[in-house]
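Take a look at the structures below.
In the two complexes that follow, chain A is the common piece, with chain B as its partner first and chain C second.
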Partner chain A sequence: MSATNIRAQLSDSISAVLSNKIAGRELRWYLSGWRLGIILLVVCIILPFVLDGIDPSLVTTSIAIGTYIILALGLNIVVGYAGLLDLGYVAFFVIGSYTVAVGTYGFLQNAQGKSIPIPSFSGQLFWLLIPLAALLACLFGILLGAPTLRLRGDYLAIVTLGFGEIVPIVFQNVPWFFGQFGMSASPPPDVGPITFSDPLNQYPFYYLTLALVVLVILGVTSLRGSSIGRAWIAIREDETAASVAGVNLVRTKLMAFGLGALVGGIGGALNAAFVSSIAPSDFNFNISITILIMIVLGGLGSIPGVIVGAIVLRFVDVYLLGKINDAVHGLPLVSGSGAPLHFLNNVDFNTAKFLIYGLILMFMILLRPQGLIPDVRRKRELQGIGASAEGASAVGLLEREEAGEDEAGGETTTVGAGSDAQGRED
Partner chain B sequence: MLTLASVFAANSSSSNIFLQQIENGITLGAMYALVALGYTLVYGIIELINFAHGDIFMWGTVITFIVVQMMGLNHPLSGFALVGVLLLLIIIGMAVSAFLNAGLERVAYRRLRKAPRLAPLIAAIGASFILETIVQLWRGTNFYAFPDIFPHGGFTIFGARVNYLDIFIVVLAVAMMYGLARFINTTKLGRAMRATAQDPEAAALMGVNINRTISITFLIGGALAGAAAVVYNMYIGQVWYLTGFQLGLIAFTAAVLGGIGNIYGAVFGGFLIGLIQSLAIQFIPGGFQWSLAVVFAVLVLILVFRPSGLLGQQVPDKV
Partner chain C sequence: MPENVLLRLRDVKKVFGGLTAVDGITFDVNQGEIYSVIGPNGAGKTTVFNLITGIYKPDGGEMLFEGQSISGLSPDRVLRRGITRTFQNIRLFNNMTVLENVLVGQHSKIPGNLPSVLLHLPNYQRAERRAEERAVELLSFFGPSLVARKDDYAANLSYAERRRVEIARALGSEPKLLLLDEPTAGMNDAETGEAINYIQRLRSEFGLTILLIEHKLQVTMGISDRIAVLDYGRKIAEGVPAEIQRNEQVIEAYLGRKAAVE
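Our next item is the complex of A and B:
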């Protein structure tokens, strides 16, 4: 009668549905691997037409979500794959954003406060700015990483935090970038009949975002399976063992940092082109943490998890909280000056989101550290079981022998039992 | 950091700017050292960067501010009233921060003691967000001016103005550090703390109650932050929900600078960072805007070239 019972029934019925045959193949086959990817891509292509029908602002929301999917996937390379905690990821977002702004604005400001014209990436040259932003961010990632990656994990976290705080201060305080007022960036140029500068038609921007998101997903997926991806996972799991096995620690970590920063630069470029006006105060520690929370919520190292985390949090942030604010403040019990729940009028639910973020971080780490959609490998690691592919580490084998099970299916139960025992010890 | 501008401007009548900034730096440094001790004690014993420590400190500033507001104080006190109010504020501030800090350890960090290294740090970041946002929802994003309760006045030596408040701050901080050092080096509990820091399992086998020792470490760290909070309120005079973030980072830098885990290092690092900051503000063009960047630059340089900190190796007495 318990929750486990219900869960078992649910998974039975889902598995029954998945076993239905369509054109000689089980439904399960269609919903796995690259076929699922294609299905989701088609859904994403149709999506704006559906969203437009529900609420046109949802299309804009999806673009904002897309930017954060890119950022979250980029940070996931550093935190999820390589296990390096980067608390200053916003720095690369800033660098990407300012690259596009400087590249399209046509002016810089000298120390005397005078605007001086500079050549700009006008017309179709704009498209060069996206790879340029990525490369510049990557360069800074390597510059930051080279001296600091020898540090222990928690020290690295604080140093990156410092970097994330310093970069916006630099853009604010050095001449050239118009200080606290920031700069504006042009939208992408028209390509044939497609125009990006029409605020009433966000479809082109949506598809541009979608294209970049798909590109990044393909990139991080292939990175994961590559030799460098396996090296990242090796150093995440055991640095000493990885280094003994011949992984060059500094170079491997530097690759993670550089590639993570590169993806952050792409996100920044997209952001600048979309919001069209950027200022140093837009970029702060909260952004770094928001992206980190997306990853922790979805599942460190898990690409679908990270995407879902980004979608959920960003949707709540840019769309749902505003709606909740309006709805609550508009309630008859709240809106009038003498209404019984009038105090709620002063509660800004956009502020409350940071409370929710904090709670998500705490509870996920305490209760479900593997995230909503866990990465299989990462999950084993967090449960303290040897993390090799077949669960064949000494600990895993011993536990299985003790439990008298040799079937692969028995492994998961032992894992559960092992972690339970650990829980009780605490 | 804007808040420092007003404090330093009040002293600008002095004739020797360099000595004046040294004096300011020492006062600031005493405050940083108190907070840095909390980082270093906790890191020394469970190797956790208690990211929420700055916000624990901020809670001390907010609660003592509310107490002063409720008492309706708004002018400098003297005599017994001053002593009584200061004692009350320090006790309340220390109690609030100490119990918050220990409570956080009990609720979150204790469960994560065997988790991967970064898990408790992420939990601490979450705690920091929660503590900040509660104050933000409760008090708003305004700066509140802490009433001027400490008597004005002071004297001038070698062209540098020394306020009585500055002397009070430094004396209080030094007294607390002395008390802490005595506690750790001479009492039974202090010995338990040192043993736990060195090897928790061996300490447990020798009969040390690890959980209680760690709780006490968090209590002491929090209490020092609470004392610093009272001092901060009187010195800087502005109560704000994000105070803890910046001050926490500066204090953490101080702890690392001196060699994290080493209590003498934290004190030394606190004073050094105070001096670096006050001199940077004065002698770097546009110094106020850059002062936080300077602190971080120091942190990065120290970590890269001497990760064990300045005193990390000379004084092996690790807590």
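Our next item is the complex of A and C:
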């Protein structure tokens, strides 16, 4: 049987399954929009019981994945929707993490290295720390955004990159936060019979993570289809036209930055409560890049895409690499001292993370630049439909060019760019 | 007459490096008028539009709209005062649908406070529904064909249709003054005829005042109440179409330029 035959049969049987009727509706109807969401939610609720049966560490892995789903969805607001390249997103993760640590630790350190007690958010007050972390991160997002959002593209990327580097360093060098040793954070308090502090029972944490992920998904979904989401996309497409159509550029961009940061703060809070010990060295540029790769892999601007991107990369990082490492080191060809591939014993596959990310990114850009589950608009942008759809591609290109120069002139009073634009118009 | 003035420009200047693009331009646009700005290439017409709509900041002079200064306001604030525009090289959001484009034009009409939007509170939902109805209404101004294409991506429309969507987007903010930058550029005679028709209808049906940049004499002479002629960033003539056609300086500006090129 040829491959085409198999494929034809397969697609036949898939459509046969999809057109199966359940209670008078086609299966396809159940797999669209919010119904699919509910089905997936039910799956996620049952999931830990299944995972526990396969490998208990998979439940912990899912919690680690959940944190990054939150972070990726947050960065997606900034990069995917508003088109502002933020390379320092880790800053908000740090702020969220330290908020929970400071809030639960009960001590700060003075300049002489002495611990001084401070009031802590003990007991059920803990839950206030999550919104507080979100608000603080949001505040810093706005503080960073206010002076820098006039910058574009590469310049904004560099400034945000700097911010991402500075924030962990501040936590390392300001005396209060115990420098490089970092701080420990308490897990959430027991709620009735539910306890978060039992290392052998990760279910409560799993469901806490799931709840926060669902909350963030609901939030970003709501924003995406709203007037604010429209304004973000308009800005990404053509800033000047958006501004002339009544979109307040500063306010709208700040909103993207602030909300992205807010979500990052939630991710940070969850992270601190879960890992329970944080230090400045845990937060570096690699995290910003990893989150960015997640959303590029999944599909910029696409909520399901970003979620899948986060799941794939985080799963590789937290679970798969370790398993590959153990498997390879356990091979008879590798293990014994005289084994022919003994040198592989010295290779730690866990450190190959960025090699693998790099390869994934390279193949994605070559084979599927729009991402795993692309956003409709992004796909179109990448295929250049927007630029040359009028059939007269030369005209389209010229328009783009002029538009670009117009913007350069319009943005500031940059003399060179301005006179350039002037030369072209009229 | 003076209390009739909607937009007043007094001695407005714009300098780019060594080039004075707009060199002290003064004119008044009256309520309900179709006022055209013409002139050779590089005369500074589009720069004047960019100054009025806040894309550029003026280097001198004053601009009053309904008696209040609009100098130095950002484009979205100029829009809230009641001025909006279209662009010479149509600037639609290509990867948004026609409907979404027109909805962005109504951005100033929809409550923008985060809780309303995030939670889709009733006041937001109402505004959004109203905006959608209004968008369809605005599209139907150009006939049923554009309404039928409201869910198509803007990039997939024909050139003339794109022009219309851009005007519909501009109308979404319920402007008092509409600036059209070469609305018939790139159109054939039939399409130009339609454009002339709907520009006049914009005034009669929406009560708009229209400021127009146009090269085609068929358009400017046909529908303008008054015309200003710019050359090298200065206004060299102003008057009703018949006066402009006879004006020596205007003929010289056009023919002189042409002769120099040859």
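In this text, the second predicted complex is superposed on the first by the 366 of 426 C-alpha atoms of A that agree within 3 Å, B and C clash if a C-alpha of one lies under 4 Å from a C-alpha of the other, contacts with A are read in each partner's own complex, and residues count from 1 in each chain.
Here is the rule we use: a contact is a pair of C-beta atoms (placed from the backbone, for glycine too) under 8 Å apart; a residue touches a chain by one contact, two chains touch by 3 or more.
Not measured: the values here are computed from a predicted model.
A.B. asks: Go through the superposed model and pick first if A:Asp190 touches only chain B, second if only chain C, both, or neither.
C.D. replies: neither
A.B. asks: Of the two partner chains, chain B (first) and chain C (second), which one does A:Val296 touch, if any: first, second, both, or neither?
C.D. replies: It touches chain B, and chain C stays clear.
A.B. asks: Using the touch definition from the top, say if A:Asp238 reaches chain B (first), chain C (second), both or neither.
C.D. replies: A:Asp238: touches chain C, not chain B.
A.B. asks: After the superposition on A, what does A:Asp282 contact: first (chain B), second (chain C), both or neither?
C.D. replies: neither
A.B. asks: Is A:Gly246 contacted by the first partner chain B, the second partner chain C, both or neither?
C.D. replies: Touch status of A:Gly246: second partner only.
A.B. asks: Given the touch rule stated above, what does A:Ser226 touch, chain B (first), chain C (second), both, or neither?
C.D. replies: Only chain C; A:Ser226 stays clear of chain B.
A.B. asks: In the overlaid three-chain picture, which partner chain does A:Asp52 touch, first (chain B) or second (chain C), both, or neither?
C.D. replies: Neither chain B nor chain C is touched by A:Asp52.
A.B. asks: Just which bits of chain A does chain B share with chain C as contact spots?
C.D. replies: Residues 381, 422, 426 of chain A touch both chain B and chain C.
A.B. asks: Which residues of chain C touch chain A in their complex?
C.D. replies: 16-19, 21, 39, 41-47, 50, 53-57, 74-77, 79-80, 84-85, 87-96, 100, 103-108, 110, 112, 114, 117-120, 124, 128, 131, 153, 155-156, 158-159, 162, 169-170, 172-173
A.B. asks: For the complex, which residues does chain A have touching chain C?
C.D. replies: Those residues of chain A that touch chain C are 219, 222-223, 226-228, 230-231, 233-234, 237-238, 240-251, 255, 259, 377, 380-381, 385-387, 389-390, 398-399, 402-403, 406, 409-410, 413, 415-416, 418-419, 421-423, 425-426.
A.B. asks: Which residues of chain B touch chain A once you look at their complex with the stated criterion?
C.D. replies: Against chain A, the touching part of chain B is residues 47-49, 108, 110-123, 125-134, 136-137, 245, 249, 252, 256, 286, 289-290, 292-293, 296-297, 299-300, 303-304, 307.
A.B. asks: Show me the residue ranges of chain A that touch chain B in the complex, using the header's touch definition.
C.D. replies: Those residues of chain A that touch chain B are 83, 85, 87, 147-148, 150-155, 157-159, 161-163, 165-166, 169-170, 172-173, 285, 289, 292, 296, 347, 351-352, 354-355, 357-362, 365-366, 369, 381-382, 384, 422, 426.
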